[in-house]
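What follows is a set of structures to go through.
Each of the next two complexes has chain A plus one other chain: chain B in the first, chain C in the second.
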Partner chain A sequence: MSPYVLALLLFSLGLGTTMTFASSHWLLAWIGLEINTLAIIPLMAQNHHPRAVEATTKYFLIQATAAAVLLFAGTTNAWLTGQWEIQQDAHPLPVAIITLALALKLGLAPLHSWVPEVFQGLDLTTGLVLATWQKLAPLALLLQIHPPNSYLLILLGLTSTLIGGWGGLNQTQLRKILAYSSTAQLGWMVLVLQFSPSLTTLAVSVYVTTTAATFLTLKLAKATSINMLAISWAKAPALVALTPLVLLSLAGLPPMTGFMPKWLILQELSKQGLAPTATLAALTALLSLYYYLRITYTMTLTMFPNNLSGTPPWRLRTHKTTLPLACLAITTISLLPLTPAAVALVAL
Partner chain B sequence: MLKILIPTLMLIPTAWFAPPKWLWPLTLMGSLLIAVTSFSWFKSTSEVGWTTLNSYMATDPLSTPLLALTCWLLPLMILASQHHTHNEPLNRQRTYLTLLISLQFFLILAFSATELIMFYVMFEATLLPTLMIITRWGNQAERLNAGMYFLFYTLASSLPLLVALLILQNTSGTLSLLTLQYMSPMSLTTHADKLWWVGCLLAFLVKMPLYGVHLWLPKAHVEAPIAGSMILAAVLLKLGGFGMMRMMLVLEPLTKEMLYPFIVFALWGIVMAGSICLRQTDLKSLIAYSSVSHMGLVVAGILVQTPWGFAGALILMIAHGLTSSALFCLANTNYERIHSRSILLARGLHMVLPLMATWWFFASMANLALPPLPNLMGELMIITSLIGWSYWTLALTGTGMLITASYSMYMFITTQRGPLPNHLVALDPSHTREHLIMALHLLPLILLILNPQLISGWVN
Partner chain C sequence: MDNNSCESSRLKCLFLSWPASPSARLLTSVLPHHQLLLPPLSPLTIPCRTKIQRDYRRPGQPIENKYPLNFNFSKGIEGIKKHFTLMKDEFFGRWVGPEGKPLIEHILEQNLVIWKFRGPESLEQWTVSSDQEIGGQSEAHLKMGRNDNTCFLHGKLSSTIPRDGETRYSGYCNMRSKTPKASFDRKKHYDWSSFNTLHLRVRGDGRPWMINIATETYFSHQKDDIYNYFLYTRGGPYWQEVKIPFSKFFLSHRGRIQDSQHPIWLDKVNTIGFTLGDKADGHFQLEVDFVAVSKDYAHTEEFAYEMYERNPKRERIE
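On to the complex of A and B.
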C-alpha cells in the first residue's frame, strides 16, 4: 500500500478512537466510531484476497449496524431526557440498547458470531489492531455509561467467558482461537464494569499487552494454524521457550501478569456479594486454558516427529522490529508483583 | 529468610553461566549449601512460634520441616537427573535445571508465606514448572494427558479456593496467618457457609490427594521424569497437607459436622489405594498409589483436628516425603537400566546389585512403617487420634497398615528376591551417584528417629 494512503488510514484510525475518547456528546462519539470503522476497512482488505474481502464486508456490516443502533439509542435518550451528554444520567431503556450495541461492536457473547470469521480472514497484524485498538473506543463508551444494578452486564460477561472458552475448544486455526480468546477476556472486563470501572481499565491494559505479545509471537513464528506451530522451535528457540509463559499469562495463571486482573476482578465480585458469579467466571477460564495449553503443547512442550537433521531453517538476523515483542513479553510475564502499583495507577 | 531465597534465585544464573563441564557440579554444590543452611531454620527461639520474620515470610514449627525438606530435595533432584539428561543439548540441560530451581523458589515462598493470597499465588505458581517438567521431559506419549489432568484437577479445585479466600478477607478483614490464628470463631450456619468450607479445603484435598479426586496422581507421577516424580511425591503433595493445616484455623465450628464425607473417602482410600498397589505391575504406579494411601491417612489425621493428629500428619508427611522420593529414585535406577517400569522384568536384583538391594530394603521397610522409623511414629499418632474420634476407624486403618505391609513386601520381594531372570545379561553396576542419592534420602530418615521433635510441629 502506498505510504501516503497507509499514513492517512492509520491517522484516521487514531483520530476516530481519540474523538470517541474525547467526546461528551453522543453524536460525536458515533462520528468517532464511524471514522474508526471506515479507516480500518481498507487496511483489512488491502491484499484483495477474497477471504480478506469477505472478512472486511462482514466486519463493516456488523460495525455499521452497531453504530446505527448506538446513534438510534443516543437519539432516543435525547428524546427521553432532553440532553445529549454521555456523562449525564440516562434513561434505562436507551442505556440497555447502547450496551447491546457496544457489545455487538466488541464481540461479546451472545453477539460474538462475527469475531472468528472476521479474524480468520485477516493477517496477523491487522488482527492485532482489531483485537486491541478497535476495542478501546467502545470500552471507553461503556466505561462512561455503565449502569448500576445491571443484570445485563453480568449476563454478557458470563456468557462471553463461557462461549469464548467453549468456542475455541474445537479450533485449529490460530486466528479463530485468538478471536474466541478475545471474547472471553472481554467478558471478564465487562463483568466488573459496574462495580469498579478502574478494574476494567486495568483488565483492558493487561489484555492489550498480553494479546499483543501473543499476536506478535505468532507473527514471528509465521504460524496461522496449530500444525504450523510445530516447527517454530527451530526458527526462534528462545522465543518459543518463553511462549508458554505468555500464553498462560493470557489464560490468567499465576504468577504471570495475566493473573492480576482476574484476581482483582474476583475480589471485587466477592466484595459485592457475587461469590457464585465469581466462582463460575473463574471456572469458565479453565475452558480457555485448555486451548491455550494445547497451543503450548504443540509449540514448545513436544517435538514434532519430523526428521529435521539438515532441514531446520536458517536463523538469519531479522529486519523486522522485535523490540515491541521483547518488551511486551517481559511485561506479560513478570509484572504480577507490581499489583499494588497497578491498582493505584488505575484508581479513578 | 532471604539468606536462602536469594541464593536459590541466584542458582538460575549459575545454571546459565556455568561452563559446560561444571554445570552439574556447580548447581549441585550450590543447592547442597542452601540445603545445609536451611537447617538453621530448625532453631526457633521465639515465644509465639513464628521466627525469621519479615513482611511477607515467616517460619514456624509447621513450615520449618517442610521448608527443610524442599531445600534438601533440590540437590537430590539434581543428582538424580544427571543421567537421563546427559545426552541432551546443553541449553536444554540448563533449562531443566532452571525449572527445578524455580520450583524450589516458589515452594520456599509458598511454605513461608504469611499471607494466604501469597500462599495461593505460590501454590499455583508451582504448577507451571511441574507441568513443563512432566510434559517436556517425560518419556511416554501419555505424558501429555498426564500434564492436562495434573493442571486441570488442581486448577478446578483451587479457583474456588481463591474465591473462598477473598470471601474470608471480606468477612474477617485480614488474610495474614499471624492474626488469623487469634480470630474468634465465626458463626457458620448457612448452606453458603458450608459451600465456603468445602471451597477452602477442596484444593488441598485434590492436591493431597484425597481418594475420590486422586486420578491425576498416578498419571503425573508415572509420566514425570525422575526429578518430577521426586518433587511431586516429596513436596508438592505436602503443599496440600500444609494448606489444610493452615486453613483449619479459620474453619472452626463447622468442621465437626462437615468432615464426615471427607474422612470416609480418606479412610476408604487407604484401603482401596493399597489394594490397587497389590495388583500393579508398573513400579512407578505402585509407588504412586502408595502415596495416595499414605496421604489418605494424613488427610484423616488433619481432619480430626487433635494435637496428635496434626503432629502425626506432619511427621508422616516428612517421613513419607523422604521414603517416597527414595522409592522413586530406586525405581529410576531400574528404569535407567532396562528402560521399562515393569516390576516383572528386573527381578532378583539382590544377586546382581547387593548394595542397591540394601537401599531397596530400607526404603521398603520405611514404606511399610517399620519401627523405629518416623513413618511408624506418624502413622501411630494419626491412628491413635482417629481412635479417639471413633473406635471403628481402627478397622480401616488397621487393614490399611496390613495392606501397606503386603504391597511393600511384594515390591521388595519381586524386585530383589527370587531367581535372577535369564534375560538380564547386561546391567550397569550401581553408580556412586545412585548410592549417594539413596544415602542422602535414607540417612535423614534414620537420623530423625533420634530427634523427632524437629518434625512434630507445634506440639512441643
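On to the complex of A and C.
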C-alpha cells in the first residue's frame, strides 16, 4: 500500500475514535464510528485474498448494521426526549437499542458470530487493530449511557464470558482463539459497567495491553495455528519463555497484571450483592484459561521433536521490531503491585 | 435448415415465455414450465450455498422433483439413523478434541491420509464426469482396482466437438471428490492448514493430468474458483509417489488462469479432483492408491508465483 494512503487510513482511524470520545451529540458519535469502520476496511482488504475480502465484507455489513441501528436509536431518543445529548437522561427503549447496537459492534455474545470468521480472514497486525483500537469507541459510548435495566448488561456480560470460553475450546486456529478470547474479556468489562465505570476503563486498558502483547508474540513467531507454535522453541527461546506469562495474564491469573481487573470486578460484583453472577463469571474464566493453557502447553511445556529443517537458526537475534512487544510484555506481567495506583488513576 | 428452425424456436421461447424479473428467471430454471402459471411477485428462498451442498447434478439433467413426496418408511428410518449417528459423533468428538481428534495428534501430525481406496464404499465419495454432459463422446468409469486396494479410473477420451453451434473444444474427463457432509447434509470442510504438501501414490499411463482443489468461497461469482496444478504421470508398471507443495497451486476460474494470483488457503478445502484434457484421443487410465497431505518442514516457499505490475504506466516521451 502506498505510504500516503496508509498514513491517511491510520489518521482516519485515530480521528474516528477521537471524535467518538470527544462527542456529546449522538450524530457526531455515529460519524466517528462510521469513519472508523470505513478507515479500517481498506486495511483489512489490502492483500486482496478472497478470505480477506470475505472478512472485510462481513465486518462492513455488521458494523454498518450496528451503526444504522445506533443512529436510529439516537434519532428515536431525540424524538422522545427532545435532545441529542449522550450524557443526558434518555428514554429507556432507545437506550436498550443502543446497548444492543454497541454489543453488535463489539462482538458481545449473543451477537458474536461474526468475530471468529472475521479474525480468521485477517493477518495478525490488522487483527490486532480490530481487537484493540476498534473496541475503544463503542466502549466509550457504552460508558456514557445509563442503562435503566441492569439485567441486559449483566446478561450480555455473562453470555459473552460463557460463549467466549466455550467457543474457543475446540479451536486450533489461533486467530479464532483470540477472537473468542476478545468476546470473553469484553464480557467482563460489560459486567461491571453499570456499577463502576472506572473498573471498566481499567479492564479495557489491561485488556488492550495483554491482547496486544499476545498478538505481537504470535506475529513474531509467525504462527496462525497451534501446531505452528510447537516449533518456535528453536526459533525464539526467550519468546517461548515469556509467552506463558503473557497468556496467563490474559487469563487473569495472579501475580500477573491481568488478575487486577478480574479481582476488582469480582469484588465490586460481590459488594453489589451479585454473588452468583460473580461466581459464574469466575467459573467461566476457567474455560478461557483452558485454551490459554493449551497454547502454553504446546509452545513452552512440550518440546516438539523437530531436529531436521526446523533446526535452530544460526542467529537468534531477529531483525524485526521487538521493542513494542518487550514493553507490552513487561506491562502485562509485572504491574499487579500497582493496583492501588491504577484504581486511583481511573477513579478520577 | 436445422439451425434456422432451432434458432426460430429459441427466439419463440425467448419472447413468449421469458419471465421478466431475475427471481422469476431463477424459478423457471428450477421448476418445469407447466408448473409456473404466474410469475412470483417476491424472490423465493434459496438454500444457502455455503451451508448446504446438494449432490452433483449433470448440467442438462432435470432437478430431482421432491414433490409429491414419495413416502418410504425404510428410507426415512435409514436417514434418521444416519444423521443422528453423525450428530452423536460430532457431539462426542468435541470431548475428545478439536476435529474429533486429541490435541496431541493435531500438534504432532505430519502426514494424514485423506482418501484411501480400500473397498467399494470408498468409490461413493467420488464423482466421475466427462464431456458427455455437454454432448461430447468421451467416456469415464471408476471401479476398484486389483485386490480392492486402489481405485481405477479408465475410459476413452474423444475430442470430437459436439454440434450445438457454441462449443468450440471438447475432450475431458474428471474425477472429483464429494464435499464432506456433517449431520443433516450440512457442509463440512477439510482443514489442511497444518500441512503444506499434497502426497499422492498413483500409477498413470504417461498422460498429463491436472489436480484441482476447490475451497469454500463467499461470493457467488467465486464458486467456480479452482486451484490447479499438473500431475505428470510416468506410465509403466511402477507406482509413482507425487508430492506437490500447495504453494505451487495456481488459481483458475472456469478453466481460465487468473491474472491476479494468490496462494491457496487450506483451512476450508471442499473437494479435490483429477482432470484429463490433453487433446489426445484414445484410452486412458489412472490408478490411485491414496491421496494424503503432509507437512514438509524443508519447504518454506509461501507462494511460487510473483505478481508483477500489470499495465505499467508508460513514460511519456516528449
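Convention: the second predicted complex is superposed on the first by the 337 of 348 C-alpha atoms of A that agree within 3 Å, B and C clash if a C-alpha of one lies under 4 Å from a C-alpha of the other, contacts with A are read in each partner's own complex, and residues count from 1 in each chain.
Simple rule for what comes next: a residue touches a chain if its C-beta (ideal position, glycine included) is under 8 Å from a C-beta of that chain, and two chains touch if they have at least 3 such contacts.
Fair warning: this is a prediction, and the values are worked out from it, not measured in the lab.
In the superposed pair of complexes, A:209 makes contact with neither chain B nor chain C. In the superposed model, A:171 makes contact with chain C only, not with chain B.
When the two structures are aligned on the shared chain, A:182 is found in touch with neither chain B nor chain C. Of the two partner chains, chain B and chain C are each touched by A:302. In the superposition on chain A, A:54 contacts chain C only, with no contact to chain B. In the superposition on chain A, A:285 makes contact with chain B only, not with chain C.
In the superposition on chain A, A:226 makes contact with chain C only, not with chain B. In the superposition on chain A, A:23 makes contact with neither chain B nor chain C.
In the superposition on chain A, the residues of chain A contacted by chain B and by chain C overlap at 302.
For chain C in complex with chain A, the residues that touch the partner chain are 94, 97-99, 103, 106-109, 191, 193-194, 217-219, 222, 225, 260, 262-263, 265, 267, 297-298. Contact residues of chain B toward chain A in the complex are 91, 95, 106, 117, 120-122, 124-125, 127-128, 132, 135-136, 144, 147-148, 151-152, 155-156, 159-160, 162-163, 166-167, 169-170, 192, 199. Residue ranges on chain A touching chain B, taken from their complex, read 237, 241, 244-245, 248, 253-255, 259, 263, 266-267, 270-271, 275, 278-279, 282-283, 285-286, 289-290, 293, 297, 300-302, 336.
Only residues 47-51, 53-54, 57, 120, 169-173, 224-228, 230-231, 294, 298, 302, 304-306, 308-310 of chain A touch chain C when the two sit together in their complex.
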